[in-house]
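What follows is a set of structures to go through.
The same chain A turns up in both complexes below, where it pairs with chain B and then with chain C.
Up next, the complex of A and B:
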């Protein structure tokens, strides 16, 4: 698909409207403590059913991008991060607010998000099509290893290893419920018509993320708001300062990009790694946790860089890089679009419009973020008693609307109850979603590999490791695993050191 | 770590229960679920061991009170923030089956709004609150009807009565 057709697809009022609306919703949702981009996407999912797939995708992409930035607003203004990811921004941004420099902190946040967002989206544009072309050569053995690698990395990085393993296996188990498409036999359906169709990703995400999150928000009091006299500052002053720290921006952006590429790892690791690195290399005289802008620059650049890069494995391989991208994958099912290498062959219009359209989401985020600063304090006035019931009823509708199934609503409610319990006992929820999405891929490719190995009269493992490509993938997974375990160890050491002052 | 012990036991028992369901399946359909259920059973056993080992180590005198406090808080959270809202959602689901989505939504918004305000301060529960909750429930329901049914034409779940 040539660039002119892509631009013609993109430069329409409806695309602009959808992108700006998506980013705005994302910023508002991200700024409200207890909500995040994933919840925003789940709630607006039904709206995309009547849109063209590429426009619907851009709406969701806009929410994802805006949501990543939105979390920093409450972190800076009232020291309440909208999400864990925004905690480092709170550590540096709130002290600036107390000094009467909240506007400056918000400018640092939005312009660093912009640079990070661009880095992530550029990687998305440059790497996804070649990776998808390369992935077209993948056979069952290679796809099996790619899907398995996602699970292994998720398991290795999500809190307690045992609980992460439980979560991954639970996700895999949920993926086996329903009619087995290969043999036609029913698995764990207990003669229920609803279970025969299997359990789809969207009600699981709505249950585990929306319902569970809202349950735990019930009874939460609003954060205390104190007004500080704010000093005036020009946007260009902040942009020039960020450009002086371009090495930090690039480094943090690349950390965010690399971590975002790993399926299921999430943004938190990227943000804390970049923040820790900024702490180490910052040349400013201002101590950290007392309003050092380098902390905001690093955290926000990494944060928004993960948005683009986490979509790379989803679009190129059909493997979601985060729960948010898993929901996006679920939304596309209703349009009959299958993500993965074939997307660029079968629906290049959708794939390329989305890739380049993500640049628009960064532009929209920057404009809304830079212009809307004076209005952000209004977001803080929205009370939780209005948010919780609204999110619950929208989520009920979202769970129903994907397949017009009341059974999906029931599944979402049951998993909401389970998800709230899991959260309280520190079982990570993201690996459940990744396990559910990857379960089908792993099983299908394993079955194909077994059939081919049987036909060639060779042991399964020999077939799985027969090609240099599959051997290379195994080696890559082992290397990635070692690198992320080392990164995580370093992160733990840094956290311990920070705790000990 | 009583929660780990319970999670381990439930995981182990569930995996045994579901494994038994796979024995009648064709070999090809049973293979992957059996593999996963073996994994779950092993994780269940390890969680139980971990909890028992932690129990044998015991809790230091200084940590004992904090430990009790955390356990009481967990119980309170489970009751007020999981069982009650979960129950409200299940009631709303029952209403969804009988009176359809919009009336069930109005019920859910009204009850959750009131319950949230009650949880912040029980003294808030008065006639003014009921009024605010009712108005908010009507506004949200109308808003959803406008967006989903009138504007987008998406089908909303209908119940046995409406």
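Up next, the complex of A and C:
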């Protein structure tokens, strides 16, 4: 099947309609706190059964792409990231909103998403087979070091290192609750069937970011609310500025693509890694967490880049790299399409139409986003007394809908109260999520490494350092640690100088 | 006055008529099928294919609801606890409920569920990694017996571990099982040569073989129609039959007439070519068992599993 006929296949009204509809649904569910792309996809999954496989896939792909972007809208405007991946965007975007620059922040977000989305999909189209082989090399040892490097990023975030350490330890602790995967023993379950299933990330995110923010808003007086201000800023100014930050957007897109390949950690790690890196290289005179657009550029381009790359192992090997791509895999299976190397031989029509069609989802996202920004900002005109209950209802619904479990709702509310207290005493919330996401991975992969090393009769460290890749990753961990220490030191010196005069 | 009297006199008959009509009318409202796994997996797919056709047959909306968590325990618990009125049904992969019941302190037992039908038969199998030097059962067993504990076998899910343990035990090998949280993760480890063998269902056959992994055998009675070139363990002299079968269940205690309506509808759709084609498309080996055949199958299977569970309880629960 040649490229011309694929393109002709794509340029039909039905494809455009499906792609736009998918992206729109994605943006909406992404923007609503508590809902995300994965939920949108599972809702619309049955609809695809009657469609041609490539059309159905593009609908789901559109939701995935749109959902990754949508979370940033509420993150920027009302400081409620709809998903973990939008947390760094909230850290930079909401301060901008408070300065009356919400439109600018939204432009940074949509255009960075566009660049990231293109990078991810282009790499998916061009390099799927070699990248899939690369992803396979990540065994227990490699995953252990990668997850460990994720913990170090916490040190790069602003604020007190002690409080950050407390937050990350709390996250690690939460990750231990439930039936231990490797040994099957129960930890902190107190004979509760809900706790036995473990505490999943979604209700924790909703609690810490969504409920906590809304709880704190309840006490505010009307005048304290952020006011809507129309801001005159041209789209091109923002695009030019994004491109002027040297390689920032490209590098973040690449980090997103590479880290996004890894099953389980992909998106969260990618977003925080590129955010931390942006902090290191930013040339602007604006401190981070006070509205530095570089943070938005890095986080948004990285998260949309993972859309393409998380599909690499799925298409090339039949191994889904993220919960969302697992549902997409289910949709393919129902159509009788076997994933793996044979896909490109047996059903090139489906494979290539989908790959090139994903470029269309980026286009659709950019158009809807860039045109919609004017209207998104109207959220700020709504009084807080209407926003708080609305967001809380959606968040309750979102916490429930993940596993249809009231227990998750309970978890979200408890963490909402805890989150509100943490915000008051300035304990950073993002490290809790990082600890929760990575804790399980670090532990299970280390346990697996110990078992395999035992079976192979070699000491653990020898197994951990057996491959060139794992040696390289150890070097990465050490370098990141040094960089973080240096960043911290510089900040301290700068703070001292500012104090002295 | 006359009319009133007529109404009064006929009231008991009317009531009786509505009573009868209620049962005959079943279903009068939306039916829920609870799936104790996330959307997109094999059990979910079976539920959706069946729900689609069954809803036409019963002329009523059927919603598939995913209630995942704790290896299926949460969803199965909910099915068992719900009202036996025919409006809550469940689809899951047997023997998940049986293994959970005997390895954990669950609220449900095997008999809390009424097994109405089974739709597929998916045997477990063993696959070797692409760079493995073993490609037949004989080679695997020879190496495993000569090097006790060195053969690393990856597994995921309760049945994955049981099958790995039974496989090792019946071929008199000592292996090291390594646990993965899902079929995808397990496949990744096998194809990347991080483990030697994988214990997983026949559903993983195509992606594994596509990337040069080697099928060692299936724990089935006979060779599968779908993969005629893969030998069974039995024909290679290893007596091991173990597999997943997606069953449709209701909470025990359904009223007879409602049960009858569902069972008749299931029998009716079981030969529907469109539905069977959907199973085939999804690479799920279709095998329909009606409400009495399914009981026989489950009883036979329980008696195979029980000794394996009892013998390895420590390892399954927490080693």
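For this structure, a couple of remarks:
Criterion: the second predicted complex is superposed on the first by the 276 of 501 C-alpha atoms of A that agree within 3 Å, B and C clash if a C-alpha of one lies under 4 Å from a C-alpha of the other, contacts with A are read in each partner's own complex, and residues count from 1 in each chain.
Methods note: a residue touches a chain if its C-beta (ideal position, glycine included) is under 8 Å from a C-beta of that chain, and two chains touch if they have at least 3 such contacts.
Just so we're clear, the structure is a prediction, and the values are computed from it rather than from any experiment.
Of the two partner chains, chain B is the only one that A:421 touches; chain C does not reach it.
Contacts of A:287 after superposition on the shared chain: neither chain B nor chain C is touched. Once the two complexes are overlaid on the shared chain, A:139 sits against chain C while remaining clear of chain B.
In the superposition on chain A, contact of A:459 is made with neither chain B nor chain C. Of the two partner chains, chain C is the only one touched by A:326; chain B is not.
Contacts of A:183 after superposition on the shared chain: both chain B and chain C are touched. Once the two complexes are overlaid on the shared chain, A:197 sits against chain C while remaining clear of chain B. Of the two partner chains placed by superposition, A:100 touches none, neither chain B nor chain C. Once the two complexes are laid over each other on the shared chain, residue contacts for A:169 go to chain B alone; chain C is not touched.
Overlap of the chain B and chain C contact sets on chain A: residues 46, 49, 180, 182-183, 185, 404. Within the complex formed with chain B, the residues of chain A that make contact are 46-47, 49-50, 162-163, 165-166, 169-170, 172-173, 176, 180, 182-183, 185, 187-188, 211, 214-216, 218-221, 384-386, 388-390, 392-394, 396-397, 400-401, 404, 406, 409-410, 413, 416-417, 420-421, 424-425, 427, 439, 442-443, 446-447. Of all the residues in chain A, the ones that touch chain C in their complex are 42, 45-46, 49, 135-140, 178-186, 191, 193-194, 196-198, 263-264, 313, 317-320, 323, 326-331, 333-336, 338-342, 403-405, 444, 448, 451-452, 454-457.
Those residues of chain C that touch chain A in the shared complex are 38-41, 44-45, 48-49, 52, 64-71, 73-74, 77, 103-105, 107, 149-152, 176, 178-179, 181, 184-185, 187-189, 191-192, 194-195, 206-207, 210-211, 278, 280-283, 316-319. Taken in their complex, chain B has these residues touching chain A: 3-4, 7, 11, 18, 21-22, 25-26, 28-29, 32-33, 36-37, 39-40, 43-44, 46-47, 50, 74, 77-78, 80-82, 85-86, 89-90, 92-93, 96-97, 101, 104-105, 108-110, 112-113, 115-117, 119-120, 136-137, 140-141, 144, 147-148, 152-157.
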